[in-house]
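Have a look at the structure that comes next, please.
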Amino acid sequence: MLMLLFAVGAIWYFMQRARRGQVPTVRPIAGLQATAEAVGRATEMGRPVFYVPGRTEINTAGAAQTLAGLEMLGYVAELSARYEVPLRTAVAAPTVLPVAEEMVRQGYPRGGEPGLYRPEVVPLPSSAQVAFAAGCLDIMHREKVGAAFLIGEFQAESLMLAEGAAQVGAIVISGTARTFQIPFFVVASDYTLIGEEIFAAGAYLSGDRDRLGGLAGQDWTKILAVALMLVGAILVTFGQQAIVRFLSW
Amino acid sequence: MEALQRLDRRWLYAALILVILLPLVKPLGIPLRPRSWTVQAFEAIEAAGPGDAVLLSLDYQVSGAPDIHPQTEAIIRRLMEKGCRVILVAFVDQGAQFAIDLARKWEARGKKYGTDIVVLGFAPGVEAAISAFARDVAAVFPRDVRGNPISELPAMKGIKTARDFKVIGDLATGIPGPAEWIRQVKTAFPEVSLVGNVVTVMGPQTLPYVQSGQLAGCMIGLRGAAEYEVLAKQPGQAVAAMDAQSMGHLMIILYIILGNLAYLATRRKKGSRA
Amino acid sequence: MRKEIPMAVASICGFLVLINFFFEKALPFTKGWVDTLQNWGVVVSAFAMGLAAVNLVFIHARHIARRSPGWYNSLALLVAMVLSTVSGIVFYAAPKAAWAAGLRSLWTYLFNGLLKPLGAAMFSTLVFFIASAAFRSFRARSVEAAILLGAGLIALLGAAPIGELISEAFPRASNWIMDVPNVAGNRAIIMGAAIGAVALGFRILLGIDRPYIGGE
Amino acid sequence: MTQQLTTWTAALATLAIMTFLFAGDNKVFRFAQHVFVGVAAGYGVALASSSAVRVGWTPMVTKGQWGYLVPMVLGLMLYARFVKGFAYLSRTPMAFLVGLGASLSMKGIATDFAAQIKATILPLNTVNNVILVLGTASVLVYFLFTVKRHPVVNGVSTFGKWVLMAAFGAAFGNAVQGRISLFVGTLQFLLRDWLHLIG
């Protein structure tokens, strides 16, 4: 109960603070920093960039991940316009398609030189996992992509996509919050955004104050947890049960 | 090594199939030692004596069934042997049919439906349904799958809420799983003895709940079923599968090591050229 | 009104559940309310389960009408769907009636002859994707990936009964990984997810996030 | 007879899926996949409607619990999304489900947060306990995003990342193990129930 109040209080407080302009800064995230490098390398090789924002619909439980994937797409679109490299995006869910197109359309001018390459958003079937993966593999092989981004909610197709990208020699940046798939992404790609990192990256790129404030509030709740754990453990070592009792209450 | 990298993947597949197939046909009989979390789960389920009611929630889909259904089979076999009352329910739609088939199987073996084993059915709504069920069983299941009012079933005698089950086992392939059961049931009835029975992939994320005492034990996948069969001294199909399992592990390990050796070799070659 | 009513519904339901969760002893009457809400939730969820099916009907009926490539697959899908819907409803509505015996065995046949083996087979092919990825792309590219692969190999060898034959050390190391670093790592993830759920829930109850609107 | 028909269908269905491995995406595989989606969807509809009748309709008509009219109407309103111009009607039932779901999952603050902290408060008298406490804490630190960078924080967070990777190693091992189990189960079915090669 107290915990809930603390968490909600912290999130509320930092959200208000962010709305007043005190926006928290987000720490550098390795996978995000590697993004520019990957797009740059694809440019050097003269190969297109390939992007998949997950396979799930926008209105399901995985929505937050899909959304984070789409925000990264906007950023990658900006980068590829700046480096003048073609961008291919494969989208599975019908509800994601218009949002993905919008992200690309908004991201491109930010990088200057709009209209040099027409970015393509390719719709693929989503209900059939294997068919979707096959469609992506086909694009990757045909276009010999130089960098592949797989960020969003992925299920078992994660393996096929990461493997396929590595086979054509692309640098692979992946990210998902599905715990089962993270290990496969880590061992099969060059950089991985792990779990909550995709939400933080999404919030950072979107610059949405509510979400950044919420992020800070969640951080302080975690700090409280760490403090309780450490102090509690030290006290328990000396036979003091105060914090355990406090938590049972 | 580079030639190895270009090997047609179908050879890899064929080798794997062969290696798993052989020990199924000709078992090697490698001994199996139960792990601590399975022993805890076994003991928690053993706490149910003759006449005690045990709830098993079959929250699994067909796709994960080969990994989890052997657990259900092994647990029910043991409970039937001891004369417990087994109540089956499902919060994932596809789990319900497994329950119906199991009840029919035990009926054919001479157990009485409604007294020894009963199938309540499926309820949609995930956590809302689990919470509602835990607080008032009859509100979610006024009748069983065969249309009998549950108030008339001897197996359901004295069962009003989740508290009235001696042990609850949640057999899950995803959501809902033990985490959801803990959230909705343990908060309302902390004294309930809950066992987490999960597919292998969910094992790692379920163990923290065993260490914290929120779960009385945990059985992980097909190997969990095999360990239970060993503990209950009734070796069955899960134990029979373990040799094939072992060989599969060895094969994948071999692939990973070969792949990484090739990777190191090409990297070294590139390095010496530069 | 088109936005306010849904927002109010989400907030009121949510707050009632939370109030009952924390103050059930002080406010015992909230239990009845929340029980009712949850029972309603079961009913509404039942209706929601049909949505995906209706969507499928639309998509595949269109494929068939346009004779688009592979339309016969769409037809097979719809036929399978109708058969299982009808026989399933009868199976549950008339569990004993003699006239329904044929449909009841059709239902059992569809489940055991098609649904169960197809689902199991589809997921069991995943092991082959792992096999080829193991061979081609599971690389210790970085320190992190090396730790992961090392722990993974030990876990894999220790979890196979044969690992124990090779050396006692494998199961011991594998159990240690499962019991110590795994519990630590997963516990932190679980805690992070719980805080995330609170943050999301809070925004939904206040109407800042409205996932139920979307798709205008 | 029916048993044999079922077993044969099941075996052929399994083999149809397996063709993907050796022939890639092909007609047989695609057909089997569509049939699967169809049966699964129909299965869901049948179970959902029977439970709507059991929990809502029956108590309403037999016991006069007319309150169940509310969720029934809400449930029907979900389908307004398929009717042009009335799609907004489906928002209210969605909001009901979302609000209920969100608040129910907030109970996790007790079981997945407070209880986990409590379980991590262990006497620091064994190496394992020390690793468990420091490991959990440092993974949490790794997932801090808005805290100012400081060498100590960075060090702790790197340690956290290693713990996390070891945990993912366990997840990796289990994922591989689980997939093998699924395949072994499928083979057992083919060998035992269909070909009768094993007992």
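Chains: A, B, C and D, in written order; residue numbering restarts at 1 for each.
Methods note: a contact is a pair of C-beta atoms (placed from the backbone, for glycine too) under 8 Å apart; a residue touches a chain by one contact, two chains touch by 3 or more.
Worth saying up front: this structure is predicted, and the values here are computed from it rather than measured.
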{"item": "Centroid comparison with subunit A (C-alpha atoms), farthest chain", "value": "B"}
{"item": "Which of B-D and A-D has more C-beta pairs touching across its chains", "value": "B-D"}
{"item": "Intercentroid distance (Cα basis), subunit D paired with subunit B, Å", "value": "14"}
{"item": "Gap in Å, rounded to a whole number, between the CA centres of subunit C and subunit A", "value": "21"}
{"item": "Mean-CA-position distance for subunit C and subunit B (Å)", "value": "16"}
{"item": "Numbers and ranges of subunit B residues touching at least 2 other chains", "value": "13, 62, 64-66, 93-94, 97, 121, 123-124, 126, 128, 131, 139-140, 179, 187, 201, 203-205, 208, 211, 223, 245, 248-249, 252"}
{"item": "Residues of subunit A whose C-beta touches two or more other chains", "value": "4, 7, 127, 179-180, 183-184, 186-187, 195-196, 222, 225"}
{"item": "Set of subunit D residues in contact with two or more other chains", "value": "20-21, 30, 33, 37, 40, 43-44, 47-48, 50-51, 55, 100, 104-110, 112-113, 115-120, 136, 140, 143, 164-165, 167-172, 174-177, 180, 182-183, 185-186, 189"}
{"item": "Subunit D partner contacts - residues on subunit A that touch it in the complex", "value": "3-4, 7, 24-27, 29, 127-128, 130-131, 134, 179-180, 182-184, 186-187, 194-197, 200, 204, 212, 215-216, 219, 222-223, 225-226, 228-230, 232-237, 243-244, 247-248"}
{"item": "Subunit D-facing residues of subunit C, complex", "value": "2-3, 5-7, 9-18, 21, 36-54, 56, 58, 70, 72-74, 76-89, 91-93, 105, 107-128, 130, 134, 144-145, 147-156, 159-160, 174, 176-195, 197-198, 200-202, 204-205, 210-213"}
{"item": "For the subunit D and subunit B complex, residues of the former touching the latter", "value": "21-22, 40, 43-44, 47-48, 50-51, 54-55, 58-59, 100-101, 104-105, 107-108, 110-112, 115-116, 118-119, 167, 170-171, 174-178, 180-189, 191-192, 197-198"}
{"item": "Of subunit A, residues touching subunit C in the complex", "value": "1, 4, 7-8, 11-12, 58-59, 63-64, 95, 127, 156, 159-160, 162-163, 166-167, 179, 183-184, 186-188, 190, 195-196, 199, 210, 214, 217-218, 221-222, 225"}
{"item": "Residue ranges of subunit D in contact with subunit A within the complex", "value": "20, 25, 29-30, 33, 37, 106, 109-110, 113-115, 117-118, 120-125, 129, 133, 136-137, 140-141, 143-147, 149, 164-165, 168-169, 171-172, 175"}
